[in-house]
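Chain lettering (A, B, C, D, E and F) follows the sequence in which the chains are written, and residue indices restart at 1 in each chain.
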Amino acid sequence: MLGLFIELGNLKKLKRTGWVLRGVPNPESIADHSFRVALITFFLADELKKRGVEINPDKAVRIALLHDIGEARITDIPQPALKYVDKSEAERKAVEDLLKTSPLPEEYYQLWLEYEEGSTLEGRLVRFADKLEMLIQALEYESAGASGLDEFWNVLENLRSSEFYGHFKDIVDGLEDMRKQKRLL
Amino acid sequence: MLGLFIELGNLKKLKRTGWVLRGVPNPESIADHSFRVALITFFLADELKKRGVEINPDKAVRIALLHDIGEARITDIPQPALKYVDKSEAERKAVEDLLKTSPLPEEYYQLWLEYEEGSTLEGRLVRFADKLEMLIQALEYESAGASGLDEFWNVLENLRSSEFYGHFKDIVDGLEDMRKQKRLL
Amino acid sequence: MLGLFIELGNLKKLKRTGWVLRGVPNPESIADHSFRVALITFFLADELKKRGVEINPDKAVRIALLHDIGEARITDIPQPALKYVDKSEAERKAVEDLLKTSPLPEEYYQLWLEYEEGSTLEGRLVRFADKLEMLIQALEYESAGASGLDEFWNVLENLRSSEFYGHFKDIVDGLEDMRKQKRLL
Amino acid sequence: MLGLFIELGNLKKLKRTGWVLRGVPNPESIADHSFRVALITFFLADELKKRGVEINPDKAVRIALLHDIGEARITDIPQPALKYVDKSEAERKAVEDLLKTSPLPEEYYQLWLEYEEGSTLEGRLVRFADKLEMLIQALEYESAGASGLDEFWNVLENLRSSEFYGHFKDIVDGLEDMRKQKRLL
Amino acid sequence: MLGLFIELGNLKKLKRTGWVLRGVPNPESIADHSFRVALITFFLADELKKRGVEINPDKAVRIALLHDIGEARITDIPQPALKYVDKSEAERKAVEDLLKTSPLPEEYYQLWLEYEEGSTLEGRLVRFADKLEMLIQALEYESAGASGLDEFWNVLENLRSSEFYGHFKDIVDGLEDMRKQKRLL
Amino acid sequence: MLGLFIELGNLKKLKRTGWVLRGVPNPESIADHSFRVALITFFLADELKKRGVEINPDKAVRIALLHDIGEARITDIPQPALKYVDKSEAERKAVEDLLKTSPLPEEYYQLWLEYEEGSTLEGRLVRFADKLEMLIQALEYESAGASGLDEFWNVLENLRSSEFYGHFKDIVDGLEDMRKQKRLL
């Protein structure tokens, strides 16, 4: 398992290419992103459960922690490359291989698939948290002076049309409000 | 909750001061570290359970995700400062305050305490994973050319005397072997 | 004394956390800041003396050079942490310990206290220079594109109400003018 | 053509992932690398011609300048990803697309193919220069303290078995000598 | 020649001081700049030839690759220093010395002079491309949030009054349009 | 004077080129260096006075603070450039110009000259402190893993043959001892 732990270290070294290509100086790593996605998922899932939604928060957290690990092998291949590379297929195989030395390879891979395919409520919550995290980060960069990130905000539509929007309207709308003022808080 | 998510972003911006003060260039963030601690905890806990140990892996993962969040407020106060600052007390209050807007403040705080005090098996596993992660990172820096990190390796003794050593002897000893050769793999 | 010189090197490695937490990329070190504070103090003190003010410029420069050295041990603990950490008390002890191997420990510590407590004209001039330096730096970051630094500019009021404002009105007002145009020069 | 020039700017922003994954701090960009490959090709080709080899140095320089431009779209997909991504095919299409707004799309693409396939002397010289440049860079990193780059030096064999080795024995052997002493000069 | 290749590596390590002094975080290296100047020259020269202009594109590319190599020895001495340093004279000698171990020292030096003195069409095209590249980079930094770069845009006048403006009006005007909107594309 | 303070900010932005060219990642700024030179001078001068040497510590500190300010205009022109640039002459004029808006231009310039020419005990002490600081920094980089800095250590001879060596034998020899073990402390 030590080899797996070492390989996961790649996620600390690799910067998220979406920011790199827009000229954000010293942007976050993939691990930085994944960490907050996991915490957001954790809190949102517990909140949903508290409100009576039938969801398994622990499963959601597990999916969140796994959702980007394939990038330890294939890196964060950015948008402009997707025309030339079948990223989804590549990631699928990379995740499968990477998990081979983990305690429950098949189980973890199935969890990852729930994210990739959005086939379960938990998987879709991670997709929601993944986008939310990205927008919070975009806002942070913009509040600190970055520009040229408009494109990212198209994702707000996805959040709005999500099944979770009803529950987290405050967060999504609050985020947009802050964005309009380009200010945190 | 948006305010909490934004504040957690500090963990991406703050570099781990242990590395900074030893002159590691561009070291990992606190979030980078926490992310791998969470994944290590996740896999080790599942492995323990597979082997029949009575452990709650989901609780362990939750503790791991929470274990350093206090640093979003108090930063990663380093070793030489501990003579002058009551870090433990400061962190305790910071964690408590920070969690106030989370879904389950009291419950999360109790989880954090399990880590801080090592009062449960899950809390102690996160302590184990926290140290293991640090050593893997030290090894990575050393394999890439860093020196002056000998002091960190004293922690190996803690891993050896831990209740988990019997289960993860391969990992701990493997790490030490790699270190002797200053090589990954 | 070599040990002391080495420890002062920490001030080069540690970034000023005020900027870090606002997302300024690659901000200045504590040493960077202290260096300009010392030169500003140097020039302002000489200017005051030239104008007939009874001030000891050499003492002021000494205070300036010492004013942040405690951070070599306790780091630049930022604003949000002050609720949880008694920074002033911690710094006091750290400065005292750090200076033990210096040529005149007691004398230097008293100089540092003059800054900390603002108990002498020279100590207060360094406080003035410290804030002025910070605002010049804020202006530089803003002129280069940074935003989200509004909060820092509240300090302008301190400069305005200072006993030195009468003498350095041109500088303080000039700074504010530049800020309004977000342009240097 | 302006759009093309802007897109080439990506090559400045993207770090070479081979170094990134080995933990080299702040490694060179793809543009950094390509620049020296072009100059090495330039000088080696002229030297070959001086010695009576039938080679077109200008064509070689052109190929060198084009050899990595596909990475402006697909990024520097690293070794561990090649099992999952058909990089060669992806690059081929990316280069073709990218060049569409250039003055001589078809001609440039053919030049790029000469590199990719090693089908001409000039194309093979760029392959030689590409590897040589990488090793010089590895040596520079190692001389500055980096380690963990042994794997790269396997490429020395390729240089040795190349048709150009006879001409540039001094350079290749000199490089190896320096490496043995881990010193430049 | 290996010594020369190693020395050219300095161009990767040295940041362009024009950006550094305006506070652009982590700006491009001299090599980054030179690389795109070479490609811009390459494409513009071919385009001119296609349109029937009597120009030698290969010579232009060679000049572009050589145009900044003197900075491997004298560094990128910035504007404010020119009052105190005879940069042109220094660069002349540095280029001459640097090229001594190259295959065709005298020939290359003459090419460099064509750039320095703008004495040939090819030399002037590199001067045009050098300025154009700088403005594209300025636009990229501005689009990403940088400010304080207005001064650089005075160079637009040089592009406008150049003999090449008639041919590349679209590019120059397009650049200015983007600048007005502070947006790429 | 505000303009002068702003210009001094360049010293924070400019990295020391000696380290840059040897591949030290993210090396210190000129201001970082100057800050510790000032503190070292401060302590050494007081120590000398304590021992009965006739020295003016305050003058020494002033010289230390001024010794590198010319680089705010001419930058840290490195060793390989000195063959091509009359750095001393350039610095002299730059310092003179830069100080024009300071409170005591002529007096400060004379202080700077004492450093440049080593014409007074205080000026020579700053020269000693300047070299000592550089070696401490070299040691710190080496202890953290840097190599390729041997050349810098030739300066040890200068320290040994200095008039101050008798007084600071412990420091200089202690530094060399640490170097032999490549360890701090």
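Rule of thumb we're sticking to: contacts are C-beta pairs under 8 Å (C-beta built on N, C-alpha and C of every residue); 3 or more make two chains touch, one makes a residue touch a chain.
Only a predicted model underlies this, so the values are computations on that prediction, with no experimental measurement involved.
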Each chain counted as touching chain A and chain F at once: B, C, D, E
Number of hops, chain A to chain E, where each hop joins two touching chains: 1
Chain whose mean Cα position lies farthest from chain F: A
For chain D paired with chain F, centre-to-centre distance based on mean C-alpha positions, whole Å: 40
Centre-of-Cα separation between chain E and chain B, whole angstrom: 48
Junction residues of chain C - those touching two or more other chains: 23, 25-26, 140, 145, 184
Topology of the chain contact graph, where touching chains are joined (line, ring, star, complete, other): other
Chains touching one another, given as label pairs in label order: A-B, A-C, A-D, A-E, B-C, B-D, B-F, C-E, C-F, D-E, D-F, E-F
Residues of chain C that touch chain B when the two form their complex: 10, 13-15, 17, 20-21, 23, 73-75, 77-78, 80-81, 83-86, 89-91, 93-94, 97
Touching residues (chain side chain E, partner chain D) in the complex: 1-6, 8-9, 11-12, 28-29, 31-32, 34-36, 38-40, 42-44, 46-47, 50, 58, 61-62, 65, 69, 102-104, 132-133, 136-137, 139-140, 170-171, 174-175, 178, 184-185
Of chain E, residues touching chain C in the complex: 22-26, 145-148
Of chain A, residues touching chain C in the complex: 25-26, 140-141, 143-145, 182-184
